[in-house]
Amino acid sequence: MTGAILFANPANEGTFWFPPQASTGAEAVDFAYNFIYWVSVVSFVVVVSLMCFFALRYRRRARGELPPERTASHNTVLEVGWSIPVALTGGILFYLGAVSFLDSRSPPSDAYEISVKAMKWAWSFTYPNGHTSPNLHAPSGRPVRLVMSSDDILHSLYIPAFRLKQDVVPGRYTEVWFEATEPGEYQIFCTEYCGTKHSEMLAKAVIQTPEAFTRWLDEASNILDRLPPDEAGKQIFSARGCVACHSVDGRAGVGPSLLGIFGKTQKFVDGTTTVADENYIRSSILNPASQVVEGFNPVMPSFQGSLKDKEIDAIIAYIKTLK
Amino acid sequence: MTATTMPMDTSEPTYLTQARGALSWLLTLDHKRIGIMYLVVTSASLFLGGVFALLVRTELLTPGETIMTHDTYNRMFTLHGAVMVFLFIIPAIPAAIGNFVLPLMLGVKDVAFPRLNLASFYVWVLGALVLVASMYMSAIDTGWTFYAPYSTSKAVGSATSVGTSAMGAFILGFSSIFTAINFIATINKMRPLGMSWFKMPLFLWALYATAIIQVLATPVLAITLLLLAIERAFGLGIFNPALGGDPVLFQHFFWFYSHPAVYIMILPAMGIISEVVSVFSRKHIFGYKFIALSSLAIAFLGFLVWGHHMFVSGQSPLMSIIFSALTFTVSVPSAIKVFNWLATMYKGSIWLATPMIYALAFIFLFAIGGLTGMFLGTLNVDVHLHDTYFVVAHFHYVMVGGTLMALLSGLYYWWPKFFGRMYSEAGARVGAVLVFIGFNGTFFPQFILGSRGMPRRYYAYLPQYQGLHMLSTVGAFILGIGLATAFGVLVYAAFRGRRAPANPWGANTIEWQTASPPPSYNFHDQPEAGDPYDFEGWVYDAGTDGYVKKPAVVA
Amino acid sequence: MTDTASTRPSSGVEVGTEGHAGEHGGDHFLGHHFKDHAHQLNTAKLGIWLFLGQELLFFGGLFCAYAIYRSMHPEIFAEGHLFLDTRLGAINTCVLIFSSLTAAWSVRAAQLNHRRALITAILLTILCAFGFLGIKYIEYAHKIHEGLVWGASFAPSSEAVQHATEAMAHGASSTLTEAHTLSNRLHIFFSIYFAMTGLHGIHVVAGIFAYLWLLRRAIRGDFTQDYYGPVDGVALYWHLVDLIWIYLFPLLYLIH
Amino acid sequence: MHTEQTPHQGAHIISAKTLLATWGALMVLTGLTVAATWIDLGSDLNVVVAMVIATIKAILVALIFMHLLFDQKFNLIVFVVSVLTVVLFVSITFIDVSSYQPSIRAHESLEPNKPFLKAPAPDPASVQAQPHP
């Protein structure tokens, strides 16, 4: 009973060892894993049972007892002999791993390209039409190529269900690809330690059928036209990961809370003050390091070039509503 | 040598009673006293690192906040890692046990450079103080790996002392290098007549291989940390992409040392196991040359596989494939050692005293640690497992299951020689069983966690992982109690134990030919070096509960 | 070792290993755990060589960084070296090579029991080391004055840029043309320059201290043809410092 | 390993002539390496020439000034092994870093070109030190 509670892998998620298998590449990984697993179990059982057997069978009965007979102190044939299967196993594992690894690093040319930005502590995914979302949306049954870069420090994109992981490095691109097999929602983690809220740098991979995905992208891309500015601003605010640091309920996070901030006087680390108006908010988004609010660190990345003017207007409209 | 074998002359001063007072310890040039001082400080580091570990495990009892905040947690695991790696595992066996035992095993009076030996101890102390003080006071939260550019960005922690911590580790590196230089010079130049390379005890082979790694790899860590400190203080820009530098280059620098460092941790451990398995099976070690040369092979191959820490770092696929292939070559010498230990036990006369129990625990746990290494060496599987709890479990199986078990085995084995006292076998066994259960309880669930996708260095986690985390936390406390018992038994024995005979185990390495504890100058007469694993010259003497040299056949 | 066993007092009256010398018939400089001076010298030399081995790896990290940035961004090296003064670099190379000669000479003098020659050689070596540092100081002061410093602090003055542009125009470098503007990575050249020469300079300073210590002992008359290990050891270290400069000079100053 | 002779019998004393000749050779080679930069051999070949000369100088220093030619062989082994380890470290790292350079160059060309450093002194002449537009 307790075993079931402790060891259960809930939400029908996969087997005892694994999360569900939701990409075309996952099968090869699991195959290699299971292969090594059984090789290990067999080797382990052999070694440990021999060890226990010897320890009991040849137990010393009286202090000072010497072994009853002298056995050989070396046997070159035997010693070379038992190294061979070890080396062979190593060779097989290397081959299994390398083939599937190379495959996972060589995206098909027709892959759908999504660009990924990582920052402390949020993800953003930009689609070919320029739309950006905080969760990864992708069609099933089609290769998807992620071209990734970081705004600040190292992060790592990890989707356990796809058996996929790649560090995101500032100053360069890294890429990885997958082809999801089943529509559904899958967990995304950051697995390269990145400071305070590393463990909350989460996102979802939302896999939809190609039709549903296209529909979603069309609808999501035109929120500025579809919704009133403050509503659109609210969505952009969460979509671009602002919520990771700025609460809207008054609690200070990594950055100041935005509740009731509009029109209030802000005090900065250099001692100066200003009233939070439209211009202040705009400059805080585009050039956050220039005016750092007292009590906080200059950790916010600049959104220069990544947020359009209209989007910033919408965010300002949203912040005005936070009373 | 024949007629007057080791009189138990208790009136003769030992290295412990030769001189008294704190200064006689602090200024000593005696390798044995320096070894004991290292033992004290590394054990204190183990305790400190263990406390941080328990705090980390307690926090992970529940998915959200349990006892501390994000930032505190990040500092705790950084402190745990840095203290355990730099202050405990790397110096524990070579600097503490090695310092004490190496000259005795060679039958010499001291290591080649006694002053350098003492200097390395104080360099260690200085480095430890700088590291712990700076990390604690300015709250470093980079993890022990100090990855750039997080470590070079000014937002880290609350102050700017990543540089100071890096300098602490930098200083510690020199302690390690000095000890290694001493060991190589001593083994090369001071072996007694009759002890050719292939008549050296295997522990010395292991220390020799370790010392080679220490001399050749540690300076690269030193320059890495120096560059990091300068980067941090003056904005050098070599690793920082914001200045046109390359953060992946930092990882190459770092792992060029830190992978071989794994072998600095495990090789001396394997050396101890080779000694213990043979002595407690009372049988010549099987395949001496293969074990000896496999130490050198591991040391050599250790320099060729660092890139397997970087399969998903942005390293080129070409190098990842080369590093993966090279990684599997390490399995051969490692497997040779395990098979040879088993063959040594075959048809032996096995005495399950505490050192042997720890040695068997070592083989059990190292087998798991080694086999799970195959998962991580395999490229595609590593992509899934990298930076998850699977890796955490794997390296704890190797380092704690390996090095710590061997350290305990070695401590129990040589304790009678260190202090001239026997430990309580019953108490020691209770400790060993608790350690074994606690260890597996802590770390086995982490394999499952990792394989299911739980990333490491997470303060908060998804509720689905809670059951296994709880199990792991409970295990950690059992492990803590077990270690406290194991060390408690030893400390009690050092002061109150029964007097130990010169050779309680019937071993034939030279350190057992002098009194327990040895006199300051180690040996009355220049001991003879024979085959270290020929036990037939020793017979059990019920009077002292030890072994004495078989009287020579009188012509 | 057997010969010493018989002379050891068995009562333990002696301070044991605390008193480190004094067991070899009053030979103050022979460690009690060595057979004879040759044994001690050979062991000490191995120790020094191991230390030099780790020094090579220590500098190896910087050579690695150098190799990578030089290969990936040859332009910053071609530009950067124009800001350095090859003449001063060459003079310093000669100074260091000469000091290596005097260091080697000091070993010879000690081996031959020539105390006066030994002292002279040590003095000359120290003098050269100071000379080297003096020239290095001139170079550093000049660079810092012109804002030609490492990484984030890099901000060259207009004169320095002017000077380098003229050098380019003179066709001093085949990879640069007149229309060339300076690379935005140029600061990395100076990061590497200061890291390499700075670390080397620290080694020179350490060498000076080691030689001052030797000087004191040489004047006191510690060294004889039997016991000259420290002279040999410090000389070996000094040669390594020279050896590293032998690479630094062409790598930093002589770029075509 | 145990047959070394005592210094009076065995320690090699290098003759004054050898020392001076070595020094002379080092000075000549230094002149040569400076002279080599006056000739344009193409930037790759120039590096090779400079390194070959430096290595000859290093070998001279190691073998003669540092006594390796006459010393115990093990010291030579220590030195050579250290050099080989440096070569191993530099070359493997070098191979990897050069093979991922394209991903850095792509980033440079696609991302908005951020200057690495803050603008230098507001002097018109120093504008050249600014990054490429």
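As written, the chain order gives the labels A, B, C and D, with residue 1 at the start of each chain.
We take it that contacts are C-beta pairs under 8 Å (C-beta built on N, C-alpha and C of every residue); 3 or more make two chains touch, one makes a residue touch a chain.
Just so we're clear, the structure is a prediction, and the values are computed from it rather than from any experiment.
Participant: Could you let me know which interface, A-D or B-D, is made of more C-beta pairs in contact?
Facilitator: Ranking B-D and A-D by C-beta contacts puts B-D first.
Participant: Give me the ID of the chain with the smallest distance between its Cα centroid and the all-protein Cα centroid.
Facilitator: Chain nearest the centroid of all protein C-alpha atoms: B.
Participant: Can you compute the centre-to-centre distance for chain A and chain C, using the mean CA position of each chain? Integer Å is fine.
Facilitator: 47
Participant: When the centre of a chain is set as the mean of its C-alpha atoms, what distance in Å lies between chain B and chain C?
Facilitator: 34
Participant: So the centre of each chain is just the mean of its C-alpha atoms; given that, what is the distance between chain A and chain D in Å?
Facilitator: Once rounded, the distance between the two centres reads 42 Å.
Participant: Could you tell me which residues belong to chain D and also touch two or more other chains?
Facilitator: Within chain D, the residues that touch at least two other chains are 74, 81-82, 85, 89, 93, 97, 100, 103-104, 116-117.
Participant: By residue number and range, which residues of chain A touch two or more other chains?
Facilitator: Each of 171-172, 174 in chain A touches at least two other chains.
Participant: Could you list the positions in chain C whose residues touch two or more of the other chains?
Facilitator: Expected reply: 39, 42, 46, 50, 53-54, 56-57, 59-61, 64, 68, 152, 184-185, 187.
Participant: Between the chains shown, work out who touches whom and classify the graph as line, ring, star, complete or other.
Facilitator: Looks like something else, not a line, ring, star or complete graph.
Participant: Among the chains present, which pairs are found to touch?
Facilitator: Applying the touch rule to all chain pairs gives A-B, A-D, B-C, B-D, C-D.
Participant: Under the stated contact criterion, what part of chain D meets chain A in this complex?
Facilitator: The contact residues of chain D facing chain A are 100, 103-104, 106-107, 110-112.
Participant: Mind pulling up the chain D residues that touch chain C in the complex?
Facilitator: Those residues of chain D that touch chain C are 4-8, 10-11, 13-14, 16, 19-20, 22-23, 26-27, 30, 33-34, 36-37, 40-43, 46-47, 50-51, 53-54, 57-58, 61-62, 64-67, 71-72, 74-75, 78-79, 81-83, 85-86, 89-90, 93-94, 97-98, 101, 115-117, 120-121, 123-126, 128-132.
Participant: Where on chain C is chain B touching in the complex?
Facilitator: That would be residues 1-2, 5, 8, 10, 12, 15-18, 20, 31-33, 39, 42-44, 46-47, 50-51, 53-62, 64-65, 68-69, 150-153, 184-185, 187-188, 191-192, 195, 199 of chain C.
Participant: Could you please specify the touching residues of chain B with respect to chain C in the complex?
Facilitator: Answer in residue numbers: 12-13, 15, 18-19, 24, 27-30, 108-110, 112-116, 177, 180-182, 184-185, 188-190, 192, 215-220, 222-224, 226-227, 230-231, 234-238, 240, 243-246, 249, 253, 519-521, 523-526.
Participant: Where on chain C does chain D make contact in their complex?
Facilitator: Residue positions touching the partner: 36-39, 41-42, 45-46, 49-50, 52-54, 56-57, 59-61, 63-64, 67-68, 71-72, 74, 78, 86, 90, 93-94, 97-98, 100-101, 103-105, 107-108, 111-112, 147, 152, 154-158, 161-162, 165, 174-175, 181-182, 184-187, 225-226, 228, 232, 235-236, 239-240, 242-243, 246-247, 249-251, 254-256.
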